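Listed next: structures, encoded as structure tokens.
Look for chain A in each of the two complexes below; its partner is chain B in the first and chain C in the second.
Now for the complex of A and B:
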């Protein structure tokens, strides 16, 4: 109400007078405030993006800057779509994303649901659970290498102690079938708290009177869970899933330090392939094309993510 | 929660609370073990750290911290005996392993780089973010939603994909391996978070305050400075801590774009090696020193955490 009144008054004021009173006009101030951010993003994000698009059509190699650059048209893109290694990397990424999200959502939601019982001291234990997600994935991932060491590593020791498997045969990082699970375990350990925190917000957003009404109608606990709790918390769960999906799709630091993509290429997720092509084989043009393809994929996901954000905001 | 909830039909029973509490506490304890193990390993001697079975009870030693901050060379016992008395605990420990301290390691300069780059980029991101957030919150900006989406979407770009052209651009501009280059890059990544978070915080401050100030003769700029900023302090502080944590933890850009003078701690810590492989107590010591600030920040932030990790979408 007051807003509108102020605006009417402002509009009624003759233009030169308004300018004198306010110094800079509102429109000018808006652009003055917003443009530095936009300019920075144009310089550091958009300009390089266009450069990468240009490079993706060439055979440029960053380690041979003086060589003549040839225009290849769409050849790089065609080669990527037919490249066996790229498809294997995409499958590895999909495996990683699928299992981390499934585990994190199941464990995270269960934890949130239990914390929502509000037992004594729940705030303290919740904060403690949240700690891993705030830490540097690189620094912590590096340390997990030590926990995974056969015999001397704590993780391997505990597993062999619990299962009776000889400690030397638990080679989490060098066994071809265990290595993909080693990165899934660390990621789940780190990011389950993230999903938990968002689910908790979802559960707390459900008004109590709905449960009271259900109780009056003698709905069973099971029924209440499936027809009230889960559907009402779903937008929040989706938000967490989408965000983890985007983050894990571009996962680099933790995997790079834990396995470096190995053994062989069993844990070579898309970002690791990209790094190997761009900064080890120096196929700059080819890797730029791959980068652009990843961009488009993440952008699609981000678009959905922002829509989901706005939906949650309306609650 | 009022007292009446105890009698509410939907309140969880005492028994279910007890079971929930037990499971949560068990999970919290298990998930904290790796971190406790890092801390414990940093106080082990190298032989203790690789003992089988892993040692839970051990004689604490600060050898890991000594090794973290120094470089050492192996010498003959005769040479070591010919030296004067040891000048401190680290000197003594190192000599027992037939080595002498050759000089300081790179850890301290890398740690200082992390501090400079994290604080520098946080300051810039929060400064730019506050201005833009105010702009988006208070003025009718054409295409505001598209601009906001554009700002947010830059956050989702895969870091390696961004690093390829940035690497070439910085090489041309002479920004490779400089603190300035890293500050610019981290500012660009963090400003998106800063704008989204701060817009939420500023939206919550009633416009009436500024309008009253302007009626009193303040210009828009003065009103922003004297009424909006003081009320947004909590939001600005929370945003700053989130930016700080990101810049502090970041690894991909740092590993690809810095190699020497501007290298930060995350790419450096994994490279700490001793004789015959990784010096795990030294790595653990570096990791501990590196993680402690984040632990403090997490505790400070716990009320704003949800907001920060969802770009301001979910508020408690």
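Now for the complex of A and C:
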């Protein structure tokens, strides 16, 4: 039936077109099919990247299109690398990335390990744990802002109940020391389920017979965990760390919604600084240079990390 | 068959014709862009008269204050045609004029005999002129606004509180004449129990993201002696921005924030201030005058319970207030400039301006605000007039955005985060602003 249809289509194709199609090789046909995607990628990913690289060497400002664009060489890069505020923003980002990844990995793996025990009602608990991840960051940011409210916030009341400190003294978003932790708590609450899912996939991929062999060898539970579970789940854990690391390096929405970078500049991560320079101060050339530096940093770190991940997988 | 075909063709033509007529009518509609706030609703109401008179329909694009600058500056910078008319913030005027976003209105004003002498002088300088203090007009003053204060008249008039206050501070509890008095009142009310609720001293601007803390801190700094530049040498800021007087002013603002604001008020601007006052949390409330009509009408805190006062004096008796408000401009990328100019002409009319005030907008027309009946027309009218007489505004340079970003950061770092000293903050501000002007080739 299919052959007959193909034959009918082939016969109905006008001869000049049929001749042209017959001349295309398999490789040519493959290129023909993927070219729309490649063109789209070039237009929306590759071209803007090269354009940003070009702009990073200029004094261009998007809000002053009529001004003469001057080539500044590496001046923008020098200024960024010598700017103390930029380094503070990078430190803030590093602090945020480190603590969120550490907490999410620890809690996520523990939850995955517990869920993997397949206790009664584990499916219900798995679904419940996944709920935060399914919410929109805008919603999460806004309702946590209310939860943190010192006068009416539930979070402040719970802490107050547990610690005896008056709720109005628990100013999570206004206090310089607490504000970074307020964001870390929310990000951990929201994204730990994601890490848990990846770890769970890792745990479920460990063949049962390995544990059975370990049982035969009278290996203790602790020994089984250190010698089988952890090493075999490690590539999955590392993958989760990679995903969360890249994601949190460019974290913007939660910080913007919860603290806006404040109090002062204590939670101003690199992406907030970049947005302010690019779309509030309109220093397009300068912010392009900053974006390129961030891109190189993430790309470089991710590359090193992927190599390490491959080594772990090959063991 | 033939007759049904004819009928179908007839119907199709009728539909096509009616669509064309409707499109032609919509083609004449003007879009006015502004912030989403109470005065915008009043303007919608007012503009119905314009449509009645001219047949030109009005559409509105209102954006919340937090995104107002981002949204419309993007629109102007990308030469968008969304807005035919725009009520842009006063600080945009330099950039909008120099980058060709607004239509210059001098010839139009001359032709239509619209004189800028008929408007409150501060609003002409603040909303219309670029360069400042030169007769180059890019907007018609549309919405006068200024930072002032509201207070809980009902709390201030409680005899037991009056007595206690007098004993403690030695003067009668009432609207403060100086910033020191304002702080004393704020301290007096901080964490006090009134009607079974804990209340706080004052709500002030502390917002970090857009312009909040700059508007609030400047509102105090002006009266302490802060100056943007050497009056004799433009852009010379050393010793003016970071003068000893300015340092004291910023120190005061931080002290007021530390002692007397509600818990968690570290990112508070117009909306949060209104919420704090309306919910009965604070005794005093710093905010732009546009919020007053809404507060006056409020069932819980309005009416006889609310009072208004002008920004108090600084230690040397200087008294200034931060200018707000906007002018209305014709966008140079609009295809309907002629109709947009008709709207400006209509809006400048005295009767329209009088109605504008009655609906809750703040007219800048002398004929309205200098009318003998004006001070008694609303409980806040006199305070508004007195405040408008002492205004100062932030830089309106084309680089106003990076200038504002710098002050937001420096002020928030010191006032809210408590990092460094007031001198460090203002020295840093001089450094940042100098860099901006050097980049612009102005220094």
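Going forward, the second predicted complex is superposed on the first by the 272 of 315 C-alpha atoms of A that agree within 3 Å, B and C clash if a C-alpha of one lies under 4 Å from a C-alpha of the other, contacts with A are read in each partner's own complex, and residues count from 1 in each chain.
What we mean here is this: contacts are C-beta pairs under 8 Å (C-beta built on N, C-alpha and C of every residue); 3 or more make two chains touch, one makes a residue touch a chain.
If you're wondering where the values come from, they're calculated on a predicted model, not measured in any experiment.
Of the two partner chains placed by the overlay, only chain B lies in contact with A:138; chain C stays clear of it. Considering which of chain B and chain C touches more of chain A, the answer is B. Legend: residue contacts after superposition of the two complexes on their common chain; A:62 is shown touching both chain B and chain C.
Of the two partner chains placed around the shared chain by superposition, chain B is the only one that A:120 touches, whereas chain C remains out of contact. In the superposition on chain A, A:151 contacts both chain B and chain C. When the two complexes are overlaid on their common chain A, residue A:280 makes contact with chain C while staying clear of chain B. Comparing the two complexes, residues 62, 149, 151, 256, 279 of chain A contact chain B in one case and chain C in the other. Listed in rising order, the residues of chain A touching chain C in the complex are 59, 62-66, 85, 148-151, 168-169, 171, 173-174, 176, 256, 259-266, 276, 279-283.
Residues 2-3, 6, 21-24, 26-27, 29-34, 36-38, 40-41, 43-45, 47-49, 51-52, 55, 62, 111, 114-115, 117-122, 125-140, 142-147, 149, 151-154, 157, 167, 189, 192-194, 197-198, 201, 204, 208, 211-212, 215, 236, 239, 243, 246, 249-250, 252-253, 256-257, 270-271, 274-275, 278-279, 284, 287-288, 291-292, 294-295, 298-299, 301-303, 305-306, 309-310, 312-313 of chain A are the ones that touch chain B when the two sit in their complex. Within the complex formed with chain A, the chain C residues making contact are 69-70, 73-74, 77, 79, 95, 99-100, 198, 207-209, 262-267, 281, 398, 401-402, 405, 409, 412-414, 416-419, 439. Residue ranges of chain B in contact with chain A, taken from their complex: 1, 8-10, 12, 16-18, 20-21, 23-25, 27-28, 31-35, 37-38, 41, 49-54, 128-129, 131-132, 134-136, 138-141, 147, 149-154, 156-169, 171, 184-185, 187-188, 191-192, 195, 207-208, 211, 214, 219-221, 245, 248-252, 255-256, 265-267, 269-270, 278, 280, 283-284, 287, 290-291, 294-295, 297-299, 302, 305-306, 309-311, 313-314, 316.
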